[in-house]
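See the structures that follow.
You will see chain A twice below: alongside chain B first, and alongside chain C after that.
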Partner chain A sequence: MSNQPGAGAGTTTVRNAVVIGGNRIPFARSGGAYAHSSNKDMLIAALDGLVARFGLQGERVGEVAAGAVLKHSRDFNLTREAVLGSALSAHTPAYDLQQACATGLETVVGLANKIKLGQIDSGIAGGVDSASDAPIVVSEGLRRVLLDLSRARTPKQKLAAVSRLRPRDLAPNAPTTGEPRTGLSMGEHQALTTAAWGITREAQDELAYSSHANLAAAYERGFFEDLMTPYRGLTRDANLRADTSLEKLAKLKPVFGAGLDTPATMTAGNSTPLTDGAAVVLLGSEDYARANNLPMLANVVDAEAAAVDFVNGQEGLLMAPVYAMPRLLQRNGLHFDDFDFFEIHEAFASTVLSSIAAWESEEFCRTRLGLDGALGKINRSKLNVNGSSLAAGHPFAATGGRIVASLAKALAEKGSGRGLISVCAAGGQGVVAILEAR
Partner chain B sequence: MNEVVLPAMPALAGLYRQAVVGAVLRRAGRRSAASALPVVRLRASGGPVDRERLTAFQHLVGQAARDAVPSAHVHTLAFPVAMSVMARPDFPLPLLGMVHLSNTVVQTRALRVGEEFESVAYAENLSPHRSGTSVDLVTEVSVDGERIWTGRSVYLARGVRTVNGREEHPEPSPDGFPDGSPGTSPAATDDGRDAALPGNGDAFIPPVPTAQWHLASDTGRAYAAVSGDWNPIHLSAPSARLLGMKRAIAHGVYLAARMVELAEPAAPDALSWGVNFLSPALLPGTLAVAVRPGEATGGSVRRTEVTGWASGAKRPSFTGWVTGQAVDPASP
Partner chain C sequence: MADTYLGLVNTPLPGKLARTLGLPRPAVLRRYTPGDPLVPGPVLVLGSGPGADTLAEALLGWDQDVRRHLRPEEKLGAVVVALDAVSRPEDLGAPLLELGPAVRALLPGGRVVSLGRPAEEAADPATAAARQGVDGAVRSVAKELRAGATANGIVLLDGAAADSPGALGALRFLLSGRSAYVDGQFLRVSAMPEPEEPAGAGAPLAGRTAVVTGAARGIGAKIAEVLHRDGAKVVVVDVPAAGEQLAAVANRVGGTALQVDITASDAAARILDHVKERHGTLDIFVHNAGITRDKLLANMDPARWNAVIAVNISSQLRINDELLASPVFSPEGRIISLASTSGIAGNRGQSNYAASKAGVIGMVRATAAAFAGSGRTINAVAPGFIETDMTAKMPMLTREAARRLSSLQQGGQPVDVAETIAFLASGPAGGINGQVIRVCGQNLVGA
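After this line comes the complex of A and B, so read on.
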């Protein structure tokens, strides 16, 4: 399946890239158990567990790719620094990648492609994010003064630089989830999409409830035992509310979309909270896995990225995966019916529901996606069966690694079939990917 | 050996006060010096490790905030028990002005976040030294009855000769401070008494440096905040000057912790290291550091040698080694 004519590589035969396993630390709520842990700390903690699980101490891995969305400038070489702080051989190269919430999935795609082409035999992909330990920058005014001050030679020049400082320049800037081009927060953008598709409060709360119930059930049956390493006292995702109910979710007040002429429906319960965490995935060629007596959970088959024009209001900010999906399916000659698992990242419950509604809409698929009719229906019993971001939390760059490792394990448990991943990202982007059981 | 169980992990501040009182009594002749070490082991329970303090310690010494407690942090957790041995009235050496010569640590597995531990400390090897009398303070840390960490700190009481039960020629303390912490050797005071310390004699030829440590003036204060050891000799130039030093100096365990992190960034559970403090690292200051990887005796296991020195110094600040196995430092 990995050799797809028309995928750009012509008919050249490429080898399989397999998911060997994964590891993550439990996700913490912002300001919680990992409040004082940095991105590097958490990425190393996730790597430590992966290294221990697969006996990688002192091993030179082909390449490590990871990233963080909220990244301090001192962490310019975050992934390489994490490798140097890990038990991996210091001869393991690494690079940072950033594609907002698609970061983690894109690192998997990039390293899987290198494995397929024979450039590397093994790789570790992943990501990390801390909303607690987020970088805070000085104001633009103060920054300019400080830079001029560092260049000033004479006392007069120094005085001139300092005299430009205004009280308002002393207020620091914390990162926001606002889109630079629109100034709208991600939640407000999604509220527009939610209203446009008429996604109801009840449908959103039901999806959130399923996410918590599915994640709790996955913990109960020990699903995460070989996918997770405890960290700083956490053994489960701190955001998980195993005892939540539709009644409890229904009581929450809407937080996004209050200014629209339709009722506001998005609450803290059906939106993902700010979260801290890290996740990594071990990838390899079949030969690498066999030579090292490692499991092969699933093949990384193919992936597709897309972007939409949300700036001019032509499309919703988080709707890019909707456009990527038909291109990926067509290239692989597949339909929704060919999949046993759907992992649609729950940035907001309504993001998942808007995407599903779009794929089911004959008009949308004809006019926007250029298809003959609706792309198809997704069997909801196959959706996010082990919980997703609404319950687990969403440390931006860590989500891709969480999804890939969990889906690969689910496919290995089933022993057959395919899984489809869809991740939306800031900037109007998205990445979708196919995994296949072995 | 008698064992005395302390009701709780002692506070260092109280022990420093006790040492000062002991010194005054000793000076006044009200307390005679013993000629032998107290035949006693002190025991105290500690933990679980404070997560925030652990994270702060790890970040300060350049370590990732893992759940495994750094072996050097275990020293700071158990140090109050060793200090309690030295602060006893029947301890034969004056705690004030003691010089820390070396540390060795053997760890069979790492202490982990959330674990409670027991710490036992005792003194042994009261030995004549060319400049006084040296003593070993041994600290053992156990979890659920299993010993996982053993540390040996060697201290020197300058000018103190313990013969027939009394101190002969007790020399006034050069820094006047109950220095139970390492790296506080006053050897750099230009008083010509450098011969007290090992590593003297052969001229020091600096190796090729592989790293540079910039030690800011607040290094000692920052370390005190994460270790709980507020020895004034590390805190500021004025407080250090009161105690006879030219400037504040870096804490030895801080240097040791950075040495271990440099040599074994992902330290395995089984780990041993040793460090000799040869001259103080003045604050603020810069140390050139050389890391030389090699193999432990018998091969297969890495043993890294680390040397740190200030530019132009006649002697290194410290020399040390780190190896990824639990070896007995007594038979290196």
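After this line comes the complex of A and C, so read on.
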């Protein structure tokens, strides 16, 4: 394969960045099929599957960008190490990126921008996460003693360092998904938002049911045959419950929001489970795709990030995409009606429903988003039509790659139209993006 | 599964013991690696007809050390015996009696190749008898040879010349290490135009695109590797559930992985779309995917029967229909289909499998008739006992017996099947159409 010469950095015209295809490994439930796989193992598997699908063996891709949310300190150069372990050319540069659950989508945005500017002709964006192989950190006390010990020269200094050690220092810090500034878990944060918007248990269960039904139907029609490569004996997302029903979902006990005044509504069924997995997307310029006889599924049109102040209680932790959306639509002169697919990441069913409620609320859109009225309604039949995180699972940094590749394929199948992506992230952040059929 | 006995018998002491006890002494076969000499020593050309002179000249053209008479004490790499002009059974005696002592002089991994004409094309019974006699003599020689040597024949159809490109291509294949596990077989060759790639080219499949089904492991993975080694661009196909191994094969051979269930109604369309988009033209299609669901017929259930028929033959028929209707399939396209010795001889517990594999043979012959003179060819390769995951699951005693039941006294390797397929896919095999080539070490089964 040949890399076409780029348009050249510094040119004023911007060219298209296209999604060529994607690959992911089936997502496993934490402690399941990938319990003993590292982030590096899974990212290599996802890359190698992509290389095999498109015949990229030994090719120097412009750049590979990926990341992980739960990351070992030894994986400081995770993506580059994965490239070296893959079938790609060792001359392929790579960088790590981290924006919590928006990591995967942000890698797509970053590499698409480089392609648009002519800095690179091709790129692989993606992410990986393992909740099974999560880092365990030694206590702060033990860490300080170990560091002092390494610096101690005399036996006396060494003894002094060790003598500061207390039994409680030996307990490791377990990994948590809690927000550092509030101490609340993501689920408890969302429970506040769910209550504030009055999202019902029934509505959440219905969304979860649709997610499973849509994902199962997508498998049934072979939608994932060119989007997924099995790994470690897993051939489908382990979290998928094709036979689930509203009755089964209704039986589950709430797990978040128990301490609130309102009834707790968020269950294990309408919240995403901890998941392991990896997903990558192949991007390129039109010239690159043509020169290498590669398909062009969709254009990466534009993206917008936003952040909210959840610390002081002014906004919900996962509501940032709500703020990013009007800015993105305005910049592109588009409305919800202009889209054929909506991919709103299902961190929790109520995250999706709170966002939709906010965009439909005239008061919220006026006071918080500074609009003249409600942003608009989303046609629910266009929402997450091939399933989303509630059914597939959500290996944090892998979700963006899953969504972009699936949406690009859906657009290519339809042959026209646009798709809108919305991904919320820890730290009160969010990224939204537009893909367009070719 | 490793053939422990074969390893053992090729070491000094156990080897001597086996000889003393008259136990089978399978040899380590001479297999092809690029850059190898064609044969391990001089080539003796026997026979008095025009074929002998023609082949001797061709061999000289390939820089071989050619002899027309056996020299005392000289070891031989191969003996080519031209019997293309025999017209009475009495004509067989002189050349074959000269072959006798020459066989003694064969080096390990040596080759005997006969050249003949088909009995059914003979006008008179005596000529037909003489021509058919070649068949029996060569097959017997194959059974007498030891130390990994083989005997095979070339049959010139429709008056094809001994130096026609197809005959020379077949000769080269049979002399080389590529045919290590082909033994006691006859390649029936028609006249054909000069191929673009001459016989013996380093990358005989350069510039061609090949599809291999069932390529995630075993014989299919090896076919992909050998086609890639010979220069082809390979698209490997297997069911989505085998995607992980399939991706590994694709990355090993620098090809592309396509996860498709070949029994799906859109399988051919998806394969052709992929080839069209990535490569433009499809030159070689290898129907390798196959399954076994063994049961005695008395215990057979519809699920087992139907699954085997659907995968092993129905899918091939449907895909071939679409290949032939598609402009993507090259006018010089090659189809190679995996049959089995079970399909030739039947096998206890395999009535479904044998029906499907015999079906493959029927399909190949019928399609070949339609291909005749078109530039396209279709052939079947029938493996005998091949060392794979599938045969490793056989009961130990049955497996041991199956290994020693062939003239080469061992099972074949997946690469042996792959080499024959790569040969049939190559330009010089353009004169071979509608044949069933056994890669079985001259197994007694169905011989």
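Keep in mind that, in the parts below, the second predicted complex is superposed on the first by the 426 of 438 C-alpha atoms of A that agree within 3 Å, B and C clash if a C-alpha of one lies under 4 Å from a C-alpha of the other, contacts with A are read in each partner's own complex, and residues count from 1 in each chain.
To be clear about the criterion, contacts are C-beta pairs under 8 Å (C-beta built on N, C-alpha and C of every residue); 3 or more make two chains touch, one makes a residue touch a chain.
Everything numeric in this text was worked out from a predicted model, so none of it was measured.
After superposition on chain A, the partners chain B and chain C are seen to clash. Contacts of A:Ala87 after superposition on the shared chain: both chain B and chain C are touched. In the superposition on chain A, contact is made by A:Asn293 with chain C only, not with chain B. In the superposition on chain A, A:Met228 makes contact with chain C only, not with chain B.
Using the contact criterion defined above for the overlaid structures, shared-chain residue A:Gly55 touches chain C, although it does not reach chain B.
Contacts of A:Ile44 after superposition: chain B is touched, whereas chain C is not reached.
Of the two partner chains, neither chain B nor chain C is touched by A:Phe339. Comparing the listed stretches 187-195, 367-375, 385-393 or 439-447 of chain C against chain B after superposition, the clashing one is 385-393. Contacts of chain A with chain B, set against its contacts with chain C after fitting on chain A, overlap at residues 45, 48, 51, 57, 87, 230-232. Only residues 240-244, 246-248, 250-251, 254-260, 264, 277-280 of chain C touch chain A when the two sit together in their complex. Interface of chain A with chain B (complex): residues 36-38, 40-41, 44-45, 48, 51, 57, 82, 84-88, 230-233. Looking at the complex, you find that chain B touches chain A at residues 51-52, 55-56, 58-59, 63-67, 113-114, 265-266, 268. Residues of chain A that touch chain C in their complex: 45, 48-49, 51-55, 57-58, 87, 222, 224-226, 228-232, 235, 293-295.
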